[in-house]
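Next come the structures, one after another.
Two complexes are shown next, each including chain A; its partner changes from chain B in the first to chain C in the second.
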Partner chain A sequence: MKNKPVPEKWTVTFIVSRQKGQGKRHFEQFNLEVDPEEYVLDGIERIWAFHDRSLTFRHACHHSTCGACGMLVNGVEKLTCITPIRSVTKDSGTLRVEPLRNFPVVSDLAVDMASFYLNLEKAQFSQVAPIQNASLPFEDQSMEGDLERLVDCIECGMCVSACPAAHTSSGYLGPGALAAFQHSLNQKNDPRLYDLVDCHDGPWRCHNAFECSAVCPSNVDPAWRIMNLRRKIVSHRLRRLFKRREAAKP
Partner chain B sequence: MKNAPSPAHWLRWFDPRYRQPGTWGYILNRITAIGLTIYLVLHLGVLSTLAKGPGAYDSFITLVKSPGFMLGELLVVAGGIIHGTNGIRIVLNSFGVGVRDQKVILAILMALSIIGIAYFAYVMFLVD
Partner chain C sequence: MPDRPHAIIIGAGFTGCATAHDLALRGFDVSVVERGEIASGTSGRTHGLLHSGGRYCVTDPEAGVECIEENIILRKIAKQCIEFNGGLFIALDESDLAYGEAFVEGAQACHIPIEQIKPAEALRLEPNLNPRLLTAFSVPDGAFDPLRLALAFAATARKNGARFFTYQDVTGLALDGKGNVSGVEVWDRAADQRRTLHGDMVVNATGAWAEKIAVMARVNVPVKPTPGVMVAYDRRLVQRVINRLCEPADGDIVLPQRRMVVVGTTSFEVSDVDYIPVVSEQVRMMYERAIQLVPAVAQAKMRGAYMSARPLIGTSIEGRSLSRTFRCYDHLEQGVEGLVTITGGKATTCRAMAEKTADLVCEKLGIQAACTTKEVVLDSYRNYYIP
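For the complex of A and B:
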């Protein structure tokens, strides 16, 4: 009979951002013994279970479907339920966990994402779409027939957290919502969507940092979609301009 | 609401820690834009010396030929080149060209910028 391999053990110092109500943000340290193959969320849950029951954080599915557990791990946006501890620190190392940026902190690691969800709603974003519309042009689309699939965005908000343009502008629709607009326009060429998105806080506020696509855990590629959305808007403007000219002809 | 977006967070634009090359391009574009704007204001101020007569203008020209000013001029040239080449990347990407290869495009354009800046430095400091 084979012996079961003994899991490797690391000692890791979790440095966790704490903030309650209007209080000042500060950091608290928790030393944990972890298996490096565990995920960052496992460590945070253990802090809550065995060290401090007042620690607040969002989580649900534990398999990168709900998008609830997005946090800043050592300065980078990560979906903590699929981020192995081994990939972000080392034995006797530290692991700094902070709430997502560009969203108001509700408590500790939980942020208020209401504005993000409202912007997605404006885009009339549907979660299921024909396979040709749900996929990006450079993705495999070899499946034929009238198939539908779930679209990729899991609404984690990490794209908004990573976007430098979103740091300073509360009105900016943000990469996630702009990707949703592009996706909606792929499905239905509704002119009202153009009226909503072609604005000061729309795709023109993006300054091509491409951070959104780098942190997206679902390969939505919001940056590519924003560039594509710009082309769609310019085409729409030109079409509208020539239609007006045609209509003005005697 | 300290974590919410706010114009007061503008300093975050310049924080390159843990960020991608796209953000480095973003930061370079902001720094060079601020530098070029300041230069434009200074330039207009300098041109006003023309109104004070040939003597005042000639003495100013003697001053700007000093090594300190020449270095400042090289910084202006560097700012213009970096801002311009980065702008080419942004325009290309905005028209859907090379979006998936934006990191490579940035690297190539920044390499060309360095070559351009080196050429100008050579002409300004070593020729004549």
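For the complex of A and C:
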């Protein structure tokens, strides 16, 4: 990409999921001439700009920091702003774009993220953290000083979309929020967080499929965090049990 | 409360969301109409730089002063989405050093706290800087998450009663028969329905698109859409914002953002802002400029490249030299009542833009209400989604 030659031109058929109001979902095709280095989101934006102004989709930062543009691309969760067209199709190929799974569809490619965002809020998970605490705990954290940074999770919801257990209960917190609880406990170890998260719809509903970590575009590793959260909860329960016994002693 | 004045804001970027927040606090009934979602236009695609004003203190002191004032306020009210590690201006050659003198004077005049740092100390703070740097100045720059900053304003506005209508295109303005604006005609793209929304005042907060709305009322706004490219690389090579100590130029800022660095930007002009292609020559130029400031960018992988159209207040001069300050227009001066336009400015100054717009709206409607947004800490951005 750095020594980019004259742009190649591909013809790609975008097969886009469409749905308005209470109407039936269907697919619509758009043939686009693209540079294969362009991102999938560029193609979708061009469909809106030049082919069909009624197309709705979520997007904001276009460089993987906001998490708005997660979609299914050829059946797999992708953050479309950083997914080069070259990586998901070929010249004269097709590109099937659908809204994320396990979320209510607002219209076309746009989904309603409300419950997901509000579950993350329950975890009291802060987007800006001391730099030593912003990444996974087993990563190098040798930064000195009181620096801070925006954490890895961009709240794109792709982990929930990929999760095979997400539909087993409407109340399931889901991988993103559970990862947020784990991260939050690392940030402040507030015992009240255990009361919120240690429930049927908490980390015990996870089936260990690890799909969330497979699709996460941002190094959060939700599956590892859920496993670690279980460990934290068990040790918290044991500590509480022994404290109670200690207190009950004559 | 039916007797509350109803303000309709077009556009839910930084300015629209901040204006909704301001007017809601002043007791207005507020509706925001946005054709995409929150921050789907220029706002979402900003560099993410919380300006100290250092970038403008020599060439554009008005914008420099606005930036440092708002920088301090945003750090207080929007801490939730700003990483504040400061920034450095670094000199790499003799002409940068010469500019340094004007920079020191400009920063003092704009009241931007700066401190000169020896090259060895700068390299201790930021080991990935170009080791040939000649001098450095520290400035109070920061980096923010664009979507979450806009959402935080919107969340607080919603808590205070504002309504947000997303995926709703403004297709025309409702006129009262005398040419005055009385509302907006809306196409709900999510439900494919059309309706008219009536209000006491319409605020055009569409930034680079301001002219497109203004012509619907047969007035105009001298806005010059001036896009620039930004390129993200997949390693967080610096913890502070790195600026080249020179006049504003192409690719003079490297900004940390989560695990990335983002290099920007360029400046050129377009007439249509609905779709701006990423020009590969400009992407390459960003790379070449970035490796002068932070050579390790050469070992990083490109993660994304994107374009964003600044809404500069246009006259006949070239985009790069246009001021980054903002203007609020009362279209009564062009004979149309009921419509004001706010455009220009930077993400950093969005709260001040909102304050000025809300002041004008209050003045026009004869309402006495003071601005309180300097003090009100914004609600969690996630609360925007409370049903």
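The rule is short, and it goes like this: the second predicted complex is superposed on the first by the 245 of 250 C-alpha atoms of A that agree within 3 Å, B and C clash if a C-alpha of one lies under 4 Å from a C-alpha of the other, contacts with A are read in each partner's own complex, and residues count from 1 in each chain.
The working rule: a contact is a pair of C-beta atoms (placed from the backbone, for glycine too) under 8 Å apart; a residue touches a chain by one contact, two chains touch by 3 or more.
Here the structure is a predicted model, which is why all the values come from computation and not from measurement.
**Student:** Can A:P104 be said to touch chain B (first), chain C (second), both, or neither?
**Tutor:** first
**Student:** Answer with first, second, both or neither: which of chain B and chain C does A:I131 touch in the superposed model?
**Tutor:** In the superposition, A:I131 contacts chain C only.
**Student:** Would you mind checking which one, chain B or chain C, touches more residues on chain A?
**Tutor:** Partner with more touched residues of chain A: C.
**Student:** So in the superposed three-chain picture, is A:A209 touching just chain B, just chain C, both, or none of them (first/second/both/neither)?
**Tutor:** Once the two structures are laid over each other on A, A:A209 reaches chain B alone.
**Student:** With both complexes superposed on chain A, which partner does A:S64 reach: first (chain B), second (chain C), both or neither?
**Tutor:** The second partner, chain C, only.
**Student:** Is A:R244 touching anything from chain B or chain C once the two structures are fitted on A? First, second, both or neither.
**Tutor:** neither
**Student:** Please indicate which partner A:C81 is in contact with in the superposed arrangement: first for chain B, second for chain C, both, or neither.
**Tutor:** A:C81: touches chain C, not chain B.
**Student:** Taking the touch rule as given, give the residues of chain C at its contact with chain A in the complex, in rising order.
**Tutor:** 36-40, 43-45, 48, 79-85, 143, 145-148, 150, 167, 169, 189-193, 230, 232, 236, 239, 256-260, 262, 274-275, 277-278, 280, 283-284, 287, 302-306, 380, 382-387
**Student:** Help me check something: in the complex, which residues belonging to chain A touch chain C?
**Tutor:** 1-2, 4, 7, 20-21, 35, 37-39, 42, 45-46, 49-50, 53-56, 58-68, 81-82, 106-107, 110, 113-114, 117-118, 120-121, 126-128, 131, 135, 143, 147-152, 154, 218-219
**Student:** Please name which positions on chain B make contact with chain A in the complex.
**Tutor:** By the definition above, chain B touches chain A via 1-10, 12-13, 17-20, 22-23, 25-26, 29, 89-90, 93-96, 99-100, 102-103.
**Student:** Give every residue of chain A touching chain B within the complex, in rising order.
**Tutor:** Going through chain A, the ones touching chain B are 25, 74-76, 99, 101-105, 111, 138, 164, 166-170, 172, 207-211, 214, 223-224, 227-228, 230-231.
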